[in-house]
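To keep things simple, chains are lettered A, B and C as they appear, and every chain counts its residues starting from 1.
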Amino acid sequence: MADKITIFINDKEYQVDAGQTIMQAADKLGFHIPRLCYHPKLSIEGSCRVCIVEVEGARNYVASCSFPVSDGMKIHTNSQGVRKARRDIIELILDNHPLDCHTCERDGNCELQRLAASVGIRARHFEGEKKCYDKDLSSDAVIRDPNKCILCGRCVRMCSEVQEVHNLTQAHRGFSTVVMPAYNMPMDNSVCTNCGQCINVCPTAAFLEKNYTQELFEKLNDPDIIKVAQFAPSVRAAIGEAFGLAPGRNMEGELVAALRKLGFDYVFDTQFAADLTIMEEGSEFLERVQNGGKLPMITSCSSAWMKCVEQFYPDLLDNISTCKSPMSMQSALTKSYFAQKLGVDPEKILSVAVMCCTAKKYEAARPELEVDGLRSTDIVITTREAAWMIKSAGIDLLNITPEEPDHPLGESSGAGAIFGTTGGVMEAAIRTAYELYTGETLVDIEVEAIRGLKGIKEGKIVMDGQEIRVAVAHGLGNTNQLMETIRKEPDKYHFVEIMGCPGGCVGGGGQPYAQANTIPLDEEALQQRAQALYDLDRGKTIRRSHDNPDVQKLYKEFLQSPLSPVSHKYLHTHYQAKTPKGIVPKETKTGV
Amino acid sequence: MKEKFKLTLCDGPSCIHNQSKEIRAALEAELSQHGLADQVSIHLSGCLGMCKQGPILIVNPGFTMYGKVEVADIPNIVKSHLVEGSPVAEKVIREDHLYNRFFRIFGDVDFFGKQMRITLRNCGIIDPENIDDYLSVRGYEALAKVLTDMKPEDVVAEVKKAGLRGRGGAGFPTGLKWEFTANQESDEKYVICNADEGDPGAFMDRSAIEGDPHTVLEGIIIGGYAIGASKGIVYIRAEYPLAIERLEKAIAAAKEHGFLGDNILGSDFSFDIEIRLGAGAFVCGEETALIHSIEGSRGMPRPRPPYPSVSGLFGKPTLINNVESWANIPVIVLDGGDWFSTIGTETSKGTKVFALAGMVHNTGLVEVPMGTTLREIVYDIGGGIPNDKAFKAIQTGGPSGGCLPAEYLDTEIDYESLAKAGSIMGSGGMIVIDEDACMVGLAKFFIEFTQDESCGKCTPCREGTKRMLEILTRITEGKGKEGDIEKLERLGHMIKNASLCGLGQSAPNPVLSTIKNFREEYEEHIRDKKCSAGQCSALLSYVVNDNCVGCGACKRICPVNAVEGTRKEKHVIDQDKCIRCGQCYDVCKFDAITKA
Amino acid sequence: MVTPIDIIKKKRAEAVNRIISKGYLSTKRVYVGMATCEIAAGSKEVMGEFRQAIANGLTDVYLSQKGCAGRCNLEPTVEVVEEGKIPVKYGKVTPERAREIVERHLKKGEVISEWLI
């Protein structure tokens, strides 16, 4: 129990715990002090100065995000002086901001806009020179617009502290300060993993996903092509938030219906490919265990993680599963198995993926994922882009009649659903691998040890007397630690699941922006999104991937068996070491 | 007749109280009686730091020091010492203090007379590259004393007793800082010497290191012992190659003699010092930015608390002091905190080094006891303003400081009085400004510097100083608007109150203090579009007067052909074409061009 | 037990002896300011002149560098210290002046009063 101390906020007396900041104490007491650079997941930056308060006896205003409470402290959050200073600070930020709100992608969902409104800036006093930089449009996934940047440093801290990618940093000084990758490299030649977490935490539009909605609308209006959509598990768990719903509402049926209304001829479910991934990956794992292959085997579903491993862990590439991600498996089958069924030329098919992820845009463009020279996934849009398209097309997502995904690539098990949250792939794999290995059915199929938001989770399962040790990490920072462990102790684990984003795909870089008065990547919201997927799993009769009848049919009709040559052609790939400019050479990384 | 003796008479407040004025009169009378008036010169010094023994009279050559001199002693001293050549033994005091040794050599120069040298006590009198020179002036004796007789807490207590305050500018009590750091439990602690001297025009840290590097090292080692650290770092800017070279030599020599390394002087205390080079960012003088820079990160400050004494370098308790602060430590240890605390004012003890520059005869480094007035520095030490110009203001504290007009000349310098007057002590920059300076232009110069050197992290400093600079620029260009002064004040107060670090919190000082003290100059620029000092080129106009003989020199040199007129007739300058470069004014031999 | 104080006293005595053995007790000690500011003002060349003079046979002189005493606008500075006499301080010393100081002051004992600080 922390000691209680007495503080005064705006002349009212309160008993609060010692050892916390003014902002923490005020939050609990119902005083929301305006803030900008603060984020609970990130270190205290203290840079925006929006959260200043007056403390009696202090020489200056103090930043409430960093200043600790002390006994007898008299705090004023709304004195005339503080209000005026805070207002002027926000005005100064606006003075160096493009102010093209009505044409900005974040119009209506911009923290700076909300903040300016909340402090009541009605006149401008200090306008002058504005910064002027080129947009960095080089990346297929994440675009950077320094003109929109207000230098709160959240992206820098997210990229270095949570993701430990260290791609972004402030450069130059004073008014010329700008956030950029090392050596001002374009994003596509930087160490950016395209995870998109910078977008999630950016209060404005300094980082955005590369937008494909206009191109997609154009294609949807083309009568000569067959439009096929797939959508990731965690999209259904989050898209409702973009329509004002609380986090954690499963919108699967509504989303299927909306995508059809948008003009898609077929709507498949990426959860189908998730089940398929388990068949392939589970079999690959068993094959490695039985034939002395390279262990631990590490999952390969997360596109950001795959770029990360190519850049930073080239020595571990043999540990990576050769399976493509579910999205790429689904697309490959859409343009082969499904095209054959329809009897059409695969070139006539437009394969669109609705993903919680920005890195999937980058993945879709990877040449090694082409099959017979044909790109599998043509367009990837994020949850956010999908939500905007649905709104833009005038579709009432909230009141639409739910529909079912199409066959033969739409049926899924509960195991496929939980792919969208950290630990889900591992849990799904255990359900199937156990049965494939032992021939017996696993009774207790919910693996609590690897659920939840702990950074690195470990579990054990005994199969025919053999102990299989597994580990799960989410977010590239946690992943970093786990990889260092694996480098030092290669025998510690047999099977490792990695998701590049905090919380797994539910916390993907393409998920809806935080609404007013909520925090991006709020842990509670992540848990609620995950819960929606776990509920979906529980609600299904089929909860193991190998029991999915469409999957069984696919093997019978097309793939023959897991790891067959046909499977390898469509569902497996390989990865190569990459060295973008500015990367730390391998020799200088610890442990190599 | 050649001068035989130079006498230095202490002119500190305590000695004046003890009738030093009367002593001087008696001396002069006695000297003329012996016909020695033209062979002996009398110089006044500031407080010599020996008030208990005062009044003090020093006779050179020989550096004979007389204490408790009374008027009645004068005839005997003059007769016996100055006439017959044998000092009056019973009045001679033999105190071996570390400070003011340089009076042996420099005591007779008026520039040094009012000074008191503690920090720079050896600068200019020993060879900085020879450790023997330092040893010969009781070098490393303070370290030996500490290791022999004092527990770490005794050292902290001594520094606290001395009342030393941080010489980097903020003036935080050094002893308290040491105590906080000493009280932290940690497996590792660090000591840092901040030699990232960045104020334009300030060079006391460089001078101290170049002139006497061992003093700084000795201070750091003692600090390490006091707080329980085993590692010290000197963070010095790479632009100081000679200082770095001398520090390196000094560290090597100190290691050789066993003052650094394992088991220093046979004790069980081990300590090492490493040099880290800064790339020259002004903000890296701020302690948290400096720590980030040492750690290999971008040099940006972070919010405090936690203070470095709790969580500093690599998250460990860290003691950071400025070069000048460190250089005081050996003196405090050897001469005692009690003695040190007798120098200076109620709240600020010891001496402060100032870099005196601008419009004074004698520019240079000046070390004076706290409590010396600005007037003494400008006139007694600085020798007054050249060319009979009028004193206009004095700017203290570098780009973070303020401009004080003549009515503050009698301010006794200490941290509080300068702050009260609207300026700061800062690191000790001191620029004397005469009537030719434009205060708006001066304020603009400083805000341009801080804007350039802002790390870009916090909004008020990054954006606010930019807007202040824009407003000041338009005022100096004659485009100022009514309300601009109020905007500057509004921004200035906000930036002071809300910025993250000391750089931002002090950046508006030059503007706010010039508005406070010279508001009419701002108003003149804005309302009358006029710069009385004639410095703002955009507000000047050059007009040909009746002295013109029509030589055509101005016409030939004008780069934009703004001068018209036929030879041997009065020329005219087309004000629309004129770009106010001033070349015509400079080239005219007949004073025929008026600058207005 | 030997205390640190004992050690330092011994070291100081040794240091003083070393200084003396370098000729400190010569009749004239010459100090040339050699801080960055002094060097910028030309003190290296001045030092060079004194070194040259000693190489050319000037005796009874103890030559040493020193840090900056703080008299910026009079740099480079040179002090000539003689036991029993008032130290002589020259300002704005050029190589030419240095040569003259060697000839007139160091060799002949004449204080060149117009260059004094």
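Miscellaneous remarks
Everything below uses one rule, namely that a contact is a pair of C-beta atoms (placed from the backbone, for glycine too) under 8 Å apart; a residue touches a chain by one contact, two chains touch by 3 or more.
Keep in mind that this is a model prediction, so the values were computed, not measured.
More contacting C-beta pairs link the chains of B-C than the other of the two pairs A-B and B-C.
When every chain is reduced to the mean of its C-alpha atoms, the one closest to the centre of the whole protein set is B.
For the pair subunit A and subunit C, the distance between mean C-alpha positions equals 72 Å. Subunit A and subunit B, compared by their mean Cα positions, are separated by 55 Å.
Computed from the mean C-alpha positions, the centre of subunit B lies at a distance of 26 Å from the centre of subunit C.
Chain contacts: subunit A has no residue touching two or more partner chains. Residue positions of subunit C with contacts to 2 or more other chains are absent. Across the interface of their complex, subunit B is touched by residues 44-50, 52, 60-61, 63, 65-68, 81, 84-85, 88-89, 92-93, 95-96, 125-126, 128-129, 150-151, 153, 169-170, 172-177 of subunit A. Residue ranges on subunit C touching subunit B, taken from their complex, read 2-5, 7-8, 11-12, 15-16, 18-19, 31, 33, 35-37, 39, 64-73, 77, 79, 81, 83-87, 89, 117. Looking at the complex, you find that subunit B touches subunit A at residues 281, 283, 298, 300, 302-303, 305, 451-460, 462-467, 470-471, 487, 490-491, 494, 496-500, 505. Listed in rising order, the residues of subunit B touching subunit C in the complex are 3, 5-6, 60-62, 102, 104-106, 108-109, 111-112, 120, 122-133, 135-136, 138-141, 143-145, 147-149, 203, 206-207, 210-212, 240, 242-243, 257-258, 264-267, 362-367.
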